[in-house]
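Remarks on the structure that follows.
Chain lettering (A, B, C and D) follows the sequence in which the chains are written, and residue indices restart at 1 in each chain.
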Amino acid sequence: MRESVTNDTNQKELVKRFCSVRDESLAIIEPLTVEDCQLQAMADASPTKWHLAHTTWFFETFLLSVHCKHYAVFNPHYKMLFNSYYNGIGEQFKRANRGSLSRPGLDEVLAYREYVDSRVIELLKTDVDPHIKDIIELGLNHEQQHQELMLMDIKYNFSVNPLFPQYKTSLLNSQKKSADIKPLNFINFEQAIINIGTNADDEFAYDNECPKHQVLIHPFSFANRLVTNGEYLDFINAGGYSNPQYWLSDGWAHIQNSRLTHPLYMHCINNEWFEFTHYGLQPLNLSAPISHVSYFEASAYANFVKARLPTEFEWEYAAKNTPLTDTNNNYLTPQQAKDDTEINQLTDSCWQWTNSAYLPYPGFKPIEGVAGEYNGKFMNNQMVLRGGCVFTPQNHLRQTYRNFYYPHQAWMCSGIRLAKDIV
Amino acid sequence: MRESVTNDTNQKELVKRFCSVRDESLAIIEPLTVEDCQLQAMADASPTKWHLAHTTWFFETFLLSVHCKHYAVFNPHYKMLFNSYYNGIGEQFKRANRGSLSRPGLDEVLAYREYVDSRVIELLKTDVDPHIKDIIELGLNHEQQHQELMLMDIKYNFSVNPLFPQYKTSLLNSQKKSADIKPLNFINFEQAIINIGTNADDEFAYDNECPKHQVLIHPFSFANRLVTNGEYLDFINAGGYSNPQYWLSDGWAHIQNSRLTHPLYMHCINNEWFEFTHYGLQPLNLSAPISHVSYFEASAYANFVKARLPTEFEWEYAAKNTPLTDTNNNYLTPQQAKDDTEINQLTDSCWQWTNSAYLPYPGFKPIEGVAGEYNGKFMNNQMVLRGGCVFTPQNHLRQTYRNFYYPHQAWMCSGIRLAKDIV
Amino acid sequence: MRESVTNDTNQKELVKRFCSVRDESLAIIEPLTVEDCQLQAMADASPTKWHLAHTTWFFETFLLSVHCKHYAVFNPHYKMLFNSYYNGIGEQFKRANRGSLSRPGLDEVLAYREYVDSRVIELLKTDVDPHIKDIIELGLNHEQQHQELMLMDIKYNFSVNPLFPQYKTSLLNSQKKSADIKPLNFINFEQAIINIGTNADDEFAYDNECPKHQVLIHPFSFANRLVTNGEYLDFINAGGYSNPQYWLSDGWAHIQNSRLTHPLYMHCINNEWFEFTHYGLQPLNLSAPISHVSYFEASAYANFVKARLPTEFEWEYAAKNTPLTDTNNNYLTPQQAKDDTEINQLTDSCWQWTNSAYLPYPGFKPIEGVAGEYNGKFMNNQMVLRGGCVFTPQNHLRQTYRNFYYPHQAWMCSGIRLAKDIV
Amino acid sequence: MRESVTNDTNQKELVKRFCSVRDESLAIIEPLTVEDCQLQAMADASPTKWHLAHTTWFFETFLLSVHCKHYAVFNPHYKMLFNSYYNGIGEQFKRANRGSLSRPGLDEVLAYREYVDSRVIELLKTDVDPHIKDIIELGLNHEQQHQELMLMDIKYNFSVNPLFPQYKTSLLNSQKKSADIKPLNFINFEQAIINIGTNADDEFAYDNECPKHQVLIHPFSFANRLVTNGEYLDFINAGGYSNPQYWLSDGWAHIQNSRLTHPLYMHCINNEWFEFTHYGLQPLNLSAPISHVSYFEASAYANFVKARLPTEFEWEYAAKNTPLTDTNNNYLTPQQAKDDTEINQLTDSCWQWTNSAYLPYPGFKPIEGVAGEYNGKFMNNQMVLRGGCVFTPQNHLRQTYRNFYYPHQAWMCSGIRLAKDIV
């Protein structure tokens, strides 16, 4: 589809990677209708079309408009329409109304992508300085984040439709039968002073993972796998949603106000449990990890079983001490662990709520310039999730990766990893 | 497209009329993209696609499911998805979320229309009793109401898009130049006891127009034409939106809370006034009737010029004494009146707010059965509008027609007719 | 307490009436603690202390400050603090926050009353022109309205306290035993053209009752008494609050959103029905009129029994044809009617919802000047109630009196009078 | 007022301390009217009367009802009325409605205090086990917290009154003239592993300060004093409230939605700045610490001056390295520091926002039993403040004390301590 004539091998590689990541976004929309691409069933769940345009706007705004001589923007209105939250760039179209834009249509957005892609590839045929490569790298990681968001948002946007549409039409065999599941086991970790985060010297990392710094870890134990749907059902059946003793005060208020009696995508129909998935409504797989739970739910469940959530530092420590054999190709199925002493499901199932607030590391500095709004300004009232999930693109993850959501949110693929103090 | 072999001339006529009305709905969507048809920018402004399906559901639910032997519903989910507000039929999909349904897609909805249409036409090939014809007549009038709603809703749904999309692309010549406008004049009417409403003996009428009954009218005078944009601008420029003295208490609260400083579709850009229309953003035509004003705005303007709004009875009285020369083919342009003693713009420009609350006539009886929810249950907190507007289908109107909206609403094509007491 | 030396007999009478009405407000607060007088449990239910100050402010603002030479206001802040809604006077302290004013204390407000009273009495010792007497008359009627409001508001403000405080401590004997109750009967009225309203020539009347004008009445029948608690319980027990068919659309939405299953002050405790009253929580008197119902509830009940509410014109017509033997000294007890052909409970029990929207009469003109905000600006979305209730001061009522509330409100003493069409 | 005949010296001391703390609450209400004691101008700012009753309820519920044989509760309704948030005890009267309770009156609440006090003192005349002393100690610390809340809440409840009532009527001389103020200076601290928190072995501490544990601190510098009103005005004057670049995303949304342009109690009148205080409206003291700022404001200011807020661990480290010469008897006036190398205003001016989320320490265990709801369930979405303020009772503070509020709250006496990374 695109070709490159740059001599610099490095830049050739970058073009290849650029094309590959950009193509991945298009692959995501293949099963969707034009109408599907415009859905926005809540403020948080942007239309697929908007994601396609916004990730393109990112390259246009931070790369082409700044570093490409004589660049003519595709459409001057897009500056505002597809700006997510960058006050430094200017006004933004109201987030909750993104689904109210039928124009530009999907075709025009795809043309916008082609236009910007060809300019970026053109630019990479010339000798560019390292700073430009950094912006492209940031843009590609940004696009991968949005690929995960697209899959989350499609799931949510479909979920409000009583027809329970299917995003993917065939269910893998592995899905259909319940996998073997290892007994829950807690692995002990000693007290230690460890390095947390990264300086992003060699490998790309977001500013919020930096700088690398020492943290003193107290002795703790860490669950070998995630909590399953079956285990979580025990909590529901024991009256977990009607007993305030397990819940944070804000969490109890939240489930009362929203009249919640189970996680977001679970449905109890004629006394049988189902789960809304990308494959439509499916019987609940009891041995699969519970997913799409809020921090409030994760914390209440941990209280119920007299455990707690790990801190993000404990999680990183445990992850760094675990051979990363996880692969990213199962779909909501627990990976087969060799035995229950091996830590599993670190990155391939669900993001894992930690008990750490999303706050700056000591010495944190936002990226310079307007892109500095990327991470830092959200360091408030959100909790860190670690790991990765089935929606996360391959090679997007790192052990130091910090994801973050508000405690009440549940439309991302979030699960529960337990931990305990050792006393 | 469809053909009929019924022998009964009356039924043949009905089939013809059925096909013609149903086709009109399809004509409306011709300029729209698939994505346009799914827009819902506020709870009140349903997606075009939903209108297409709901008007079909009306025939399926009240006609075919009841009176057509062996009728198989097109899709059992539609019973709930496309039920607007009939509690007697069962649950309804949440109104504000209609825009969150990408499935069924437009294609499937069009297939639904074909399926139902062919069954209705089939039914009309047989001898049917008069009650069935009444239901079809009700369904066609219902569809015509929704045709007006589609045009109103498209306008609103487009209006939140900063690109100001055009529903129609070419502007008629008559639009481009300001029409001659007759001076405002008040025509006097004597005290009288007159018949109001109808018994729907010969011609179709909604239950809310019945029964015909006597009303005592006090002497009044009635404006020969609607208030123009230019006249309304005088109100704005005189500080009308910052002076509570002109406003109803609820109206003042409304414009304060919503921070309104002008009617819904007016835009002041660099000190020039524009108006959002089906043709996109256009310079404000000063001699055209002010449109898309709320009852609060209409009432405040009337106070400003020391007049008042007519009652719905005064309106009907005046209309019945005016030769109906209005035609429905101008677009937001005041019709050329012969002179200023002729009452004009009764049905061809904007609906006209009256100062009558929407309440039952003496002896009012809702239609029997579930369709009785059509009108009666809305007789609360709404005001009657009389006349008709540029969006109203031809031959849908009657002098006894009662339209009704909440006092704060303005997305319908509503204007201002003034009246005065004679003392 | 106060004395007058005016020579003009008329003015002497006015002073006497002034003192008598003003004293009545003080009598109302006798059973209250200082803390009670400051309660405001919802925006609508102003503190007693605020009523005491506001009614005084009315005389200060519209009488003394305008017509009394060298008048020095008691406290310049009161102009804003005790202005209810007169934009013509200036800014108003936020209504919902009136309960947040501990200062001025009750003592200071009582001193304010004394201060203003003595100035008014002083003024009436001089020869004053008729306009001034009109303002005083308006002020006294205004105060009487607030006396009713005080009793309504105290009831509401006490009702949210789980201790169910008693405003009055002993229950009259007449309260304790259920009164005899006549069978429900409908009295027929012929078609007629009658005079509605008044010109306020001899007797005081509000501007909204003027001018006297003719209305054509259609044949109707009118219930001889109000609906009782016992009859309303039948509606509740028949599932009235869970069946949308009886309700206006807005009414159904209201009871769903507010999760109402019975009228405001009714309590079902261990399967027995109680009612919160000025005497605390009392067993529900089945033969007493149902009270504190919203228009939505009144309308739904009327549908349930296949009747309707009367229009305000029908009510006035029936009242004018009924010898007014009602006295105002029973407390929520139905008056003993001679037989079931006599219309009863017109003014001594509960205000009666009509099916008439609160709108201007033909030829309506607000009072001149700022006091013109008294009535006219509220003519929107409210329904007229006719009659009077146990809280209404003696000699405050007229057959032409128009009370008005929003359809969802129920904290005033509102009941249900049924009517029917005659066909 | 009360006397004790216990033999155990320890218990005698406890009785003395009990009486002294309980008396302090009564001292706080001395300047208040009965009406003042009932004010609740927002959900957060409970009535003084409620605080007086709730702190008494605490002793009745957790001490007397459990450990005192034959104890008869003062009033069975109080169990619910004065329960703040203990689900383990049962239902709670709705927090936002506390101001809607005129009954029990202040007199009755004071009688309740006497009743409970005498029972507690009686109990302490007998030999009681250490657990009971612990409960009393908790109850006294609880009461001291509420004494601070009473002063905060009175300030807020008075602040909405346009009369700007004075809680205290004379202004100390020290208030009237601007104190000398030392230049802002940053004191350096080395990297260290330090003990944070306490095990509450000898001295009382809340569960949230436990257990004592090691934390690794990175090099940082710490401001010698708090930010002043004058310095904060620079931020306002530089457009701080209209420039999103300084603000957290949630903070920017908050000040936009609430239309904030300055801190809660600041007023700009005719271009001069004033501050609402316990002494009424006063000219803003430019050298006094800025107070009543939200976390959002504190964080934005820190960004503005290219500094940051300290973590709670840095604060504790700095405090433990500073001789505590602070005294608690100045009122919003910066203490005279010897020179700018001395850290000042640690506990005697304003609580200091830290950049630490309120989360459990490693090994945290809530108090056993129902009182375990005291702290743990609030560990969500709140930020830690350290230090103390002019409203805090003497001897209530510790270096390990953790106060916590939501980021948008500002009615507590909160100020800004700056810190910086050392790189």
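Assorted remarks:
The rule is short, and it goes like this: a residue touches a chain if its C-beta (ideal position, glycine included) is under 8 Å from a C-beta of that chain, and two chains touch if they have at least 3 such contacts.
Quick caveat: nothing in here was measured; it's all calculated off a predicted structure.
Between chain A and chain C, the least number of touch steps comes to 2. Rounded to the nearest 5, the angle that brings the Cα atoms of chain A onto chain B is 180°. Once the centre of each chain is set as its mean CA position, chain A and chain B turn out to be 46 Å apart. Per-chain Cα centroids separate chain B from chain C by 38 Å. Chain B and chain D have CA centres that are 59 Å apart. Residue positions of chain A in touch with at least two other chains are not found. Interface residues of chain A, counted against chain B in their complex, comprise 33-36, 38-41, 77, 80-81, 93, 97, 99-106, 157-158, 160-163, 165. For chain A in complex with chain D, the residues that touch the partner chain are 85, 87-88, 193, 213-216, 218, 220, 244-245, 247-252, 295-296, 308, 355-357, 359-360, 362-363, 377-381, 407, 421, 423.
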